[in-house]
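Presented sequentially are two complexes of subunit A, the first with subunit B as partner and the second with subunit C.
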Partner chain A sequence: MAVIENNVGAYPVSPHANRGGLKAGQNRIGLLLLLPAAIAFAAVILYPFLSALGLSLFEYTVEMMEPRFIGFENFVKIASDPDVWAAFWTTAIYVVLTTTGTLVAGLGWALIMNQPFTGRAVLRSLSLLPWVLPSTVSAFIWGWIFNSRYGVLNAFLMELGLIDYPQAWLSTPEGAMLAVVLTKIWLSIPLFMSFFLAGLQNLDKEQIDAARVDGAGNWAVLRDHILPHLRPVLMIVVVLGVIGNLQQFDTIYALTGGGPVRATTVLSVEVYRRAFEQWDIGFASAVGVLWVAALLPPAFLYLRMLVKGN
Partner chain B sequence: MFDLSSRQAKIVFFAALAVIGFFLFFPLYWLVISSLKANAELYRVVPTPFPTMPSLEHFIRALTTGKLPMYLMNSLITSTCSAALVTLLALYAGFSFAKYRYFGRQPVMLFMLSAQMFPFGLLLISIYPLMSELNLLDTRPGLILSYIVFALPVSTYMLYSYFTQVPDELIDAARADGASDLRIFHTIVIPISIPPIVTVFLYSFMWSWNDLLYSMTLIVSDEKRTIGPGLLLTYLNEVNSDWGGAMAASLIASAPIVAAFMFLQRYFIQGVTAGAVK
Partner chain C sequence: MNTFTRLIGTAAVALALGSGVAKAADLSFMSFTYAEEANKAIVQGVLDNFQKTEKLTVEPLGFAWGDMQKNIFLRARSKTLPDVAQLSERWLPTFASLDNLVDLNTVYGKDKLQAAFAPDALAMGNINGKQLALPLLSGSIGMVANKEVLAKAGINDVPKTVDDFKKALISVRDKVPNSVPYSMATKNNGSILIDFMVWNWVHGGRIIDDAGKVVVDSQQSRDALGFMVGLLKDRLAAPEIDRPDSRRLLAQGASAFYLDAPQTRTFLRDFSGKGQAFDANVLPMPTPVLKAGDKSVSVQWGHLLVQFAAGGKAKADDPADKFLTYIISDKVQTDLPLKMSALPVTKSARAAVAHDAYLKNWSAATGDARRNEVGIWSNAADLTNIIGEEVQGALLGQKSADDAIKSMQARLTTSMEKAKKSE
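So, the complex of A and B:
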């Protein structure tokens, strides 16, 4: 940010102009330009956010005309609600599996796509596709692959002799979790890859050539040069990945609806169900507040990196 | 980067390429292939690797009998409007953050950016009653306004990153000629910023086009429903699942966004990774 601070305020204005006055006028224009976005932001993001925080202290269900203040009672209820705890636990598993999986596959794919070979450009473009597909489409694709009767996964595993009869993947807790995790990894690889590729662009090639001359092999180059170089990008990617995965709703809802029973009910699905299926707005908000609390540490890290990066 | 002259290195490299490549591309291949199979061939316990008798029946059915064209049109309207709105708002805000210095500028910017981390699902809990009070529930304007949530923070940041690179001299020279700031912005800065503007437009368009949660909750009547929930309700329900139709409709629903993206991907990736990679 320092760079910008220095640039602004250093406008070469005419020697006769009142510097301070001109700047003050310009800054008023700056505020004016910000105003529309600030109003929109306040209306659809800030106000709803604060309002949801507030609603967590109210009892507000579909039968009630007006919300009734109950203090921290919703949170007391949450503390003894095994379903909410289960949702937290499910979310933790989901976030850890998706983030690690995408990290490994995304980094691997970026390293591969960084290597010159024929057809690389086409492959690189095509590998961005999962990212842009509508979430319902991603859910359809994986739902069809995991289909219990006609799914290609069952056919494939039976062909390999790994299973004897077709599995109803989406009807078992582990199978359903596997499906939602694989779907998310699949659609996040392109984003992770893009970040890593951007990071690899300014890798010092001469340094690697020098290491090669000194006899370093591929593994040594990866460990001593490439990975250390990618460390800052890696941090950003992990934090962004955790934030995104903590929030994931669409593909899970479309693929399993949070089931079977509650096996894939992560926090986003839990809040949605409480709010828009049971219409228990107060309780849903309270769960949402804890959800935000879970998002705070990665969000804080991300912002700190942005400030430092600038 | 890697030296692939040795046989062992080649094997490791191409094995990794094959495994990750298969994971990435097979689902896409399977989507296309399945959409082209007639039902008799589609519903087989041992699937054929490619259609023996390719058929467009699912595409024809999706486009003629279902409500898919209506859902597509609805998505096109809401996504275009909300993307235009977000781009416009982010344009002025990004320029303001990049080229002016006023009290609270940096905290406000960071706060707006951090809002990207407020869970969309939680915001919806309060957006719903808000839209209800404004009589915007189950209306396109309501959905369009709500879609600002998804893309405004990041769009603002992307344009901000770009505008910081616009040389101050350019603006100062025009100021010295007596042009007003707004005029400078409109006639000098915007014309040289088309690539990032298009990127931001596409980015927010993509968020709206791909949304399921907000549309599913804020839109009740079928004639305003967008493609995400439209697909879900049409092809997968308790009574029957039409997988061939689902695959064909998926391809149709993805076509516009994929086409736009392929055309603009270079700018797009620069924009999205901006700021994170120095």
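So, the complex of A and C:
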């Protein structure tokens, strides 16, 4: 290797060439390659966000042809609007239940899929099905399961003799919340499982065998070996889960429309209803800005983990 | 020419061709009827005939009924409004302030319109003296029954009073297994509003008076809501029912009564799978009254057509106005409304279809329809949400009827502070 390097040094170099120019050229190509993504980001994310940020300072209803600047009045109105605070609370419940549920179910399913058994490959592939299905299709499937008149759940429970009449699951606040949470958990299990499965593939089997020889049971192996090994994955999955669940709209809107009354009106649904049911774009934008603010801490955590190489 | 320049050139040609295609039609028509499977072919037939007659092409833009307002709102903001759009009569006050909306009196002349249209139909499109819409179809929202289900339940006469109605519902519940005797709307604020408004009127209540004062906090309104809650408790109505669910239940013989517009016959033909053979089961009936001798109530209903043009200015020979002229001609008005089971809107077409038994029965049963007392306000969407949420809260047992009415009064009063009325 040293010989080659010495030979390279002996080659004549053009008097026009300079290292700075080569580096600058590389940088230019790098920027050029970045341009399409940057344009897409600016057009699809940055511009709408800045527009919403601007509109949050205006009164802009369906009756107005032009928006009217009102400063922070929309935010003052939000502070005294119990419906918006209720949407924050509902969002918090939804995010905690969904993230925790997906974490437990995803990890459990990954542990099962990590065991050697016949048909494992097929089952692993089938496990990805909820991920492949469009989320609104999944919402309609779950809507059918929970439907009070012809739902599978009622038919099953009545067959078992556990209920006498069909129950209107989606018409109670608890039932509707359970339905939207279960639907999202079902949709998210494949993604979480894939993360955990990737983490489990790197687990040192000899370490587990040694622990078992020392008398560790399943719980001890999970607590003392598997979970510590998966800690970085767990962190990423929790943060991604929280971000994803904070953004959730389509399944909730398709399944319950934010109801009954306002039982499943999370922030995304609240923004939609203010904008497209009450036609108040200014107020909806202000709620949207607060929604983005709620997304910032987990997003910051995630970026920090990425930068630190976790 | 290098690759980059060629790429730019290709993109420019594609864009030019694309915009050429987008502008190929002479006018665009946004319609919710066009998006309904049961009615799409009927609307397409009108568009095809218009093209043959006037040699003008129409680009149909179909959006579901529930998405129409949102799409018009977004298109207004992005300045991509269609030339003509179909509206429900209750949406017009919401869009009345759009500056692209054409006052059709300036295009056709007020006298000509008054001479051509039935006054009740024309009034639906008039706001503060401006004719911001022309009627397309008209009628009323009243009660419909399924004769076959009534027969199964041993009901020979349609119930006339609320007490009779309740007895009939109990018979249906007990004699027709797995049925929803009355498919009352318990889901979707827009649908719940109609059922509450009708039963509120039946009990002698009002939501908002003519001067814009909220008057729902009354014993009559409490009784109306209490009546609706009772129906649900007694399993005479069911949760999770929206208007489309009601239509399907009635069409499948799983419900005896529900509230709808005359158009229901077309939906029932489709949803029953029996086509016109199902007509024999469709029975328009007067909404039951609180006590014998009271006047039965129904809600005014109709579809409107609005025109959008730059600055709200248009001429009678514009393609969009030729389309409006065509669609209100006798040729269309004696055909389209009948196919859609609704009343025509012009005087001549109404006279021509006066023999139609179904429409005659419908008019006789529902009588003089009252104007939607919420839909006439500019903040109708907000009012609808408030009423829907409060009624649903009571129906699902989250609050008492008394609390729901009190809360409705307070919330509606706040909302009405900035409201404008269409007269």
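The rule we apply is simple: the second predicted complex is superposed on the first by the 287 of 310 C-alpha atoms of A that agree within 3 Å, B and C clash if a C-alpha of one lies under 4 Å from a C-alpha of the other, contacts with A are read in each partner's own complex, and residues count from 1 in each chain.
Basically, a contact is a pair of C-beta atoms (placed from the backbone, for glycine too) under 8 Å apart; a residue touches a chain by one contact, two chains touch by 3 or more.
Because the structure is predicted, anything quoted here is derived from the model rather than measured.
Engineer: Subunit A residues in contact: does subunit B have more, or subunit C?
Structural biologist: Residues of subunit A touched, subunit B against subunit C: more for B.
Engineer: Could you say whether A:133 touches subunit B, subunit C, both of them, or neither, answering first, second, both or neither?
Structural biologist: A:133 sits against subunit B, while subunit C stays out of touch.
Engineer: A:295 in the overlay: touching subunit B, subunit C, both, or neither? Say first, second, both or neither.
Structural biologist: A:295 sits against subunit B, while subunit C stays out of touch.
Engineer: Quick one: is A:98 in contact with subunit B, with subunit C, with both, or with neither? Answer first, second, both or neither.
Structural biologist: neither
Engineer: Tell me the contact category for A:147 with respect to subunit B and subunit C: first, second, both or neither.
Structural biologist: A:147 contacts both subunit B and subunit C.
Engineer: Mind working out whether A:261 is in touch with subunit B, subunit C, both or neither, as first, second, both or neither?
Structural biologist: Only subunit C; A:261 stays clear of subunit B.
Engineer: First (subunit B), second (subunit C), both or neither: which does A:276 touch?
Structural biologist: both
Engineer: Of all the subunit A residues, which ones make contact with subunit B and with subunit C?
Structural biologist: Of subunit A, residues 147, 149, 276, 281 contact subunit B in one complex and subunit C in the other.
Engineer: With touch defined as at the start, can you tell me which subunit A residues reach subunit B in the complex?
Structural biologist: Against subunit B, the touching part of subunit A is residues 1, 3-5, 7-14, 23, 26-27, 29-31, 33-34, 36-38, 40-41, 43-49, 51-52, 55, 105, 108-109, 111-112, 114-115, 123, 125-130, 132-137, 139-145, 147, 149-150, 152, 154-155, 159, 166, 186, 189, 191, 194-195, 198-203, 208, 212, 217-218, 221-222, 226, 232-233, 236-237, 240, 243, 246-247, 249-250, 253-254, 267-268, 271-272, 275-276, 281, 284-285, 288-289, 291-292, 295, 298-299, 302-303, 305-307, 309-310.
Engineer: Across the complex, what residues on subunit A touch subunit C?
Structural biologist: 62-65, 147-149, 165, 168, 170-173, 257, 259-262, 273, 276-279, 281
Engineer: Quick check on the complex: what are the subunit C residues that touch subunit A?
Structural biologist: Residues in contact with subunit A: 69-70, 73, 77, 94-95, 97-99, 180, 186-188, 235, 238-240, 378, 381-382, 385, 389, 392-393, 396, 398, 420.
Engineer: If you look only at subunit B, which of its residues touch subunit A in the complex?
Structural biologist: 1-4, 9, 13, 16-17, 20-21, 23-25, 27-28, 30-31, 34, 42-47, 85, 88-90, 92-93, 95-102, 105-106, 108, 110, 112-130, 145-146, 148-149, 152-153, 156, 164, 168, 172, 175-176, 181-182, 185, 206, 209-213, 217, 227-229, 231-232, 235-236, 243, 246-247, 250, 253-254, 257-258, 261-262, 265, 269-270, 272-273, 275-278
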